[in-house]
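Pasting the structures here.
After this come two complexes, each holding chain A, first together with chain B and then together with chain C.
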Partner chain A sequence: MGYVAVTAGEEIIERAEDLFEKQRLDDDAPSLSVDQVDGQLSRLTAQAMSEGGLYAPRLAALAVIQAQGDTVEASFLLQAYRSTLERWDETNPVDPSDMFATRRVSPAYKDVPGGQILGPTKDYTQRLLDFDIEGADEIDPTADWDLPDAEPTTVRNVMDVLREEGLVHEPAADAADLDDPVDTTREPVTHPAGRDEVLQELARGETGAVTALGYSAMRGYGQVHPTLAEVRVGKLPVRITHPYTGDDVRVTDVEVSESEAVVPVYAKRDDPQFAFGYGLTFGRNERKTIAMTILDASIQLDSEAEPAENPEFVLDAVDGLDSFGFIEHLKLPHYVTFQSILDRIRAVREGRGLDAEVGTAASSAADGGDAPAQAPEVSDDD
Partner chain B sequence: MTDAGADAADGTEPAAAAESGTQISATSVADAVDDLSGEGLSGYNYAYLDEHTKREVRRAILKGIAIPGHQVPFASRPMPLARGWGTGGIQASLSLLGPDDAFKVIDQGSDESVNAANVRRLAETTAEVETTTDTTEADVIQTRHRIPEEVLDEDQILVLQVPITDALRKVDSSDAANRRRHAHANYGKMWVHLYENVVEWGEIQIAARYPAMVAGRYLMDPSPIPRWDLPKLDDADNLFVFAAGREARIYAVPPHTDVEPLAFEDKSFQVERFPDQSCHSCGSTDTYLTEIETEEGTESDGGDRLYVCNDTSFCLKRQDDPGLAKDHHLDREGVDWGPGTPGGPAGADRDELAEGDGGDDA
Partner chain C sequence: MDDPHDRSDRFELIAACDGDALESVADQVLASDPTLDVLQEPRPQLVMQRVVEPVERRPFNLGEVVVTPAEVSLDGERGFAMVPGKAERAALSGAIVDAAVADRHPIADEAVAVLEQAGEAYEREREQTWAESRHTTVEFETMEDDL
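Let's turn to the complex of A and B:
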């Protein structure tokens, strides 16, 4: 016979896995360690943690290595692992002004309480390839900085200034949502989704998708062009209620990126106030957190006039695990459905007297006859 | 389909495993990393999912059975398989399977396709079930886009992987709007879509995923099974469970439920036609075939287009016993199981087609 049927089974899968693993180990260089990835490629691990919804830098580093740098695959590994873990408790809400910020810029004001903190950033670096980076002397360029010893301080939230003036609309919060937010990894999202669900889904959204949809709102497919009150990167304390003493105790810190913005779309006619948006991601990912802010503000408009303002559209499109899987599933065999599609297009062509000699007998199906000749609509192939 | 209960695969304390899912014994992240680099799935609960999740999935299935054709939302877990690759099906299967069950997995009709092997491997390693390729031997069959040619009986469950849960998605992308339509049994937009299809093309253009009305109440997307398989859902002896991991919905067709494809009085439902064709391997003329273009070229330039059975397991049996009936394993004959079986609503069409008649819709 002139064809090979698709027979594979487990041995072929295992061999394919071995070949993939070989790619990582293919040269003489030592393989990357978890420490190296955690320390030197922290943007990758941050993205994997943020999209995976699991703050675990070393596990994220492991996932990045295992995925050979594919961040969506790495976040997939983390999510699949996370889903097997018991959910013990919820943390107590923390105020963003409790953050110890290593970076904080407020585009809305020239100066703000606590000052602008540029911090570590490449924002103003000229994007020139540094050919000397490989093999360069590994000397810490900040080693000889003369820094005063000062206690780390938290800085006041810029939005508070605007809130005190009554300029910011507070979205109506359902008390039940505040006390007992839905965990969308344990309960399915149905629409209309609560804001607690929207923010969770955006926070776990795929960075590229969140960025693209956020950009769409600014590019003209939406009304939101925000003014950022501030963008901050820093450590937020994780607080729980101590199970025995009942005290509010700090158990660890997580590094997060946070942004808040006001939007000059007035929320109320009788008492005009700025609408606002909020974004927060694990790790350092300012691009995603700003785009999330835009999407949060857009979704609160609830107009459905533009893609970014339609919560169903946005939440369906930003889930990296969903889009990754469904796009790539097209690689699976589809010959059953394709045979069905072939049957339909042949039936239509036969109905019009086209190609009757090929393959199948002419159909006697009634026919519209003079319908316009254009590419037939072929039904969904799933 | 017994509930495996608290029998943790790694021998951890059963009661603890039942109540709290997976135990992570590591005292630090570094230890957890070390644990993860260990071999096998020893750190995981029986059948991978924790018991709470399995219970939730079973509840969703029971609710689906109680309201045939209605989509029940469930909190689909991220699985170690990519979404869109059978994660809903495997969550349903792992929630139903017990250690005494035999499990069969088919992907596009084949037990041996790579994805079927991968799904089967996950069930084997985590649920310790027997696996089989024989449809008649299996207690639970997970399938992507086919219903087997051999008749299923009342002791079997067919779990269908579902990519798109709602037939109405064709006419409205909004799930919220479509849930309202289902609540009101308002399917006018779908009927208009079918009507426009007929007006424009002379045929209903829906190939696979053909919409069907379940128990006269809910419009259902039967997953992308070919139209060929749709009549098998009607008044079957077995339970059909439809599970979508990515879209987080489960629905069901219980045994002996009416399932009727949408069609018009003067434009009847039509299954795929294979006029004058028989399986190149076993000679069957009453099975769903797929065509293969051989290397020698396409039909138009003199090459051969071969047709072969899509259900590879049944095809192998037919190669040994060409006259084997689709209900050969049952204690009764003439069971209605779609095209090519006695009494099947479209069966008569198939006989005609096998003799070279066209797909008349009179």
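Let's turn to the complex of A and C:
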């Protein structure tokens, strides 16, 4: 497939851009500030950061405003900005058990150590439109809470609980002995993809695609219908080695969503144990994280019987920037492509004498005839 | 991260400190007209966040985090800071504060106080967040006996 450049009036293109910008400002109400979007629409900024593979809440808020709420466009803006920055280094690997969890529920374990912490959620309430939000008094509904004194701590990971009981296999190698993980932002994914590549690509996958493919596995196009060991939302420390002291030091925290899925594999192994799927992504995005665990577990089945089990298919389909580019490029000028298709169809028709038949059929129809016109064969190889 | 006199703790306190507060302290340091060399310009950069996934205990790259590092030499004493996000002024101010405290600059006591306040604010916010979350701890009961 080749591309042929087209030109257009730059001034007209700028006018179209101005008109787009006017839509954001075209109101009597003041435009949204970065602080407002960062603080009040954090699910949007979380999705942009997650799919952009870049944690920068205020920049994500700016991108969401600029993209007028289009999260994929916002993630594109973040990735474009990211491509202008140098890499300082990798962080020291952090264990998810270091997460400062603000929400943790375990659908698998009723009496999970550390308790079922609902945190900020509307999961257990009705989804009804609240007409009172508009114009309501902005009173903090938690202002009169009598809060318990408690030293902040981390909650125990369910995986560790199961591992202690021998229900999860021990890792084959110590993390310290493993090679550095592949960075798919720098090296293209090659198949068969390693688990580190799969997790990185799923973590920055497009939310809708990850959800749809994960859902497909539960709707008959896969074998994984997991029980979630836990879903957590919280903050993970970003740690580097201090250049002067050599100590492991915390730069900041990143908000993440995490999910672990329990998948029974007792029918497939001599030692009946659970297999697991894992999901982790930037920001609050539990739906994507849960779907990620399903895809991780499906890919580990090492089968290509179903779409969700085929890593090449999954990783290609969930890449938001790739799909964004390929789908949206179709609306850009394809005049040369289309002209060549027209030329070929006309040539085929002419070669088969179909133009004459159409003329005859047309005149026949005009005369009340009902003979169907034969469809031309069209190649789709471009 | 509770001792501003310890370099590693100080790094964490500077990273957690409000940018305006850092800038205010740095301005006071610079008011005495010290010799300042910027060894590393404050520019947004990336650190790749690595996480050890709990199934196979393998590290993987979660994604990149925008940070702004800076390094200075203040009257011959080096200072380094890295702050979250795109925050050039805060990073440069942080590096100056780091060097000033290391060099026992006359403004060091004030810098230490500001950093201690930042540490306390960080802990207070964590305690508040934790307490609010714990306040939503629930015990789910299965209902098979009632059926």
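Convention: the second predicted complex is superposed on the first by the 323 of 382 C-alpha atoms of A that agree within 3 Å, B and C clash if a C-alpha of one lies under 4 Å from a C-alpha of the other, contacts with A are read in each partner's own complex, and residues count from 1 in each chain.
Criterion: a residue touches a chain if its C-beta (ideal position, glycine included) is under 8 Å from a C-beta of that chain, and two chains touch if they have at least 3 such contacts.
No experiment lies behind these values; they were computed from the predicted model shown.
*Asks:* Could you say whether A:Glu260 touches chain B, chain C, both of them, or neither, answering first, second, both or neither?
*Replies:* Only chain C; A:Glu260 stays clear of chain B.
*Asks:* Where does A:Asn92 make contact in the superposed view: on chain B (first), on chain C (second), on both, or on neither?
*Replies:* Second partner only, chain C.
*Asks:* Would you check which partner chain A:Tyr55 touches, where first means chain B only, second means chain C only, and both and neither mean what they say?
*Replies:* A:Tyr55 sits against chain C, while chain B stays out of touch.
*Asks:* Identify the partner contact of A:Arg103: answer first if only chain B is touched, second if only chain C is, both if each is, neither if none is.
*Replies:* A:Arg103 contacts chain C only, not chain B.
*Asks:* Give one of first, second, both or neither to describe whether A:Thr185 is in contact with chain B, with chain C, with both, or with none.
*Replies:* Touch partners of A:Thr185: chain B and chain C.
*Asks:* Contacts for A:Val34 in the overlay, against chain B (first) and chain C (second): which applies, first, second, both or neither?
*Replies:* A:Val34 contacts chain B only, not chain C.
*Asks:* Based on the superposed arrangement, let me know which partner A:Pro141 touches: chain B (first), chain C (second), both, or neither?
*Replies:* Neither partner.
*Asks:* Give one of first, second, both or neither to describe whether A:Arg82 is in contact with chain B, with chain C, with both, or with none.
*Replies:* Both partners, chain B and chain C.
*Asks:* Following superposition on chain A, which residues of chain A contact chain B and also contact chain C?
*Replies:* Touching chain B and chain C on chain A: residues 56, 58-59, 82, 85-86, 185.
*Asks:* Help me check something: in the complex, which residues belonging to chain C touch chain A?
*Replies:* For this pair, the touching residues of chain C are 1, 7-8, 11-12, 15-16, 43-67, 69, 78, 80, 82-86, 126-142.
*Asks:* Enumerate the contact residues on chain A facing chain B in the complex.
*Replies:* Going through chain A, the ones touching chain B are 1-3, 5-10, 12-13, 34, 56, 58-59, 62, 76, 79-86, 185-192, 312-313, 321-322, 324-329, 332-344, 347-348, 350-352, 358-368, 371, 376-382.
*Asks:* In the complex, go through chain B and note every residue touching chain A.
*Replies:* Residues in contact with chain A: 20-24, 29-30, 32-33, 36, 44-45, 48-50, 73-80, 82-85, 87, 107-110, 112-115, 117-118, 120-121, 144-146, 163-164, 170, 173-176, 179, 197, 199-203, 205-209, 223-228, 246, 248-249, 270, 272-273, 275-276, 280, 288-292, 294-296, 299-300, 304-306, 308, 310, 312, 356-361.
*Asks:* Residues of chain A touching chain C in their complex?
*Replies:* Against chain C, chain A makes touches at 49-50, 53-59, 82, 85-97, 100-103, 110-111, 115-120, 142, 145, 147-153, 157, 159-160, 168, 171-175, 178, 180-185, 195-197, 199-200, 203-204, 236, 238, 240, 242-245, 247, 249-252, 254, 256, 260, 276, 278, 280-282.
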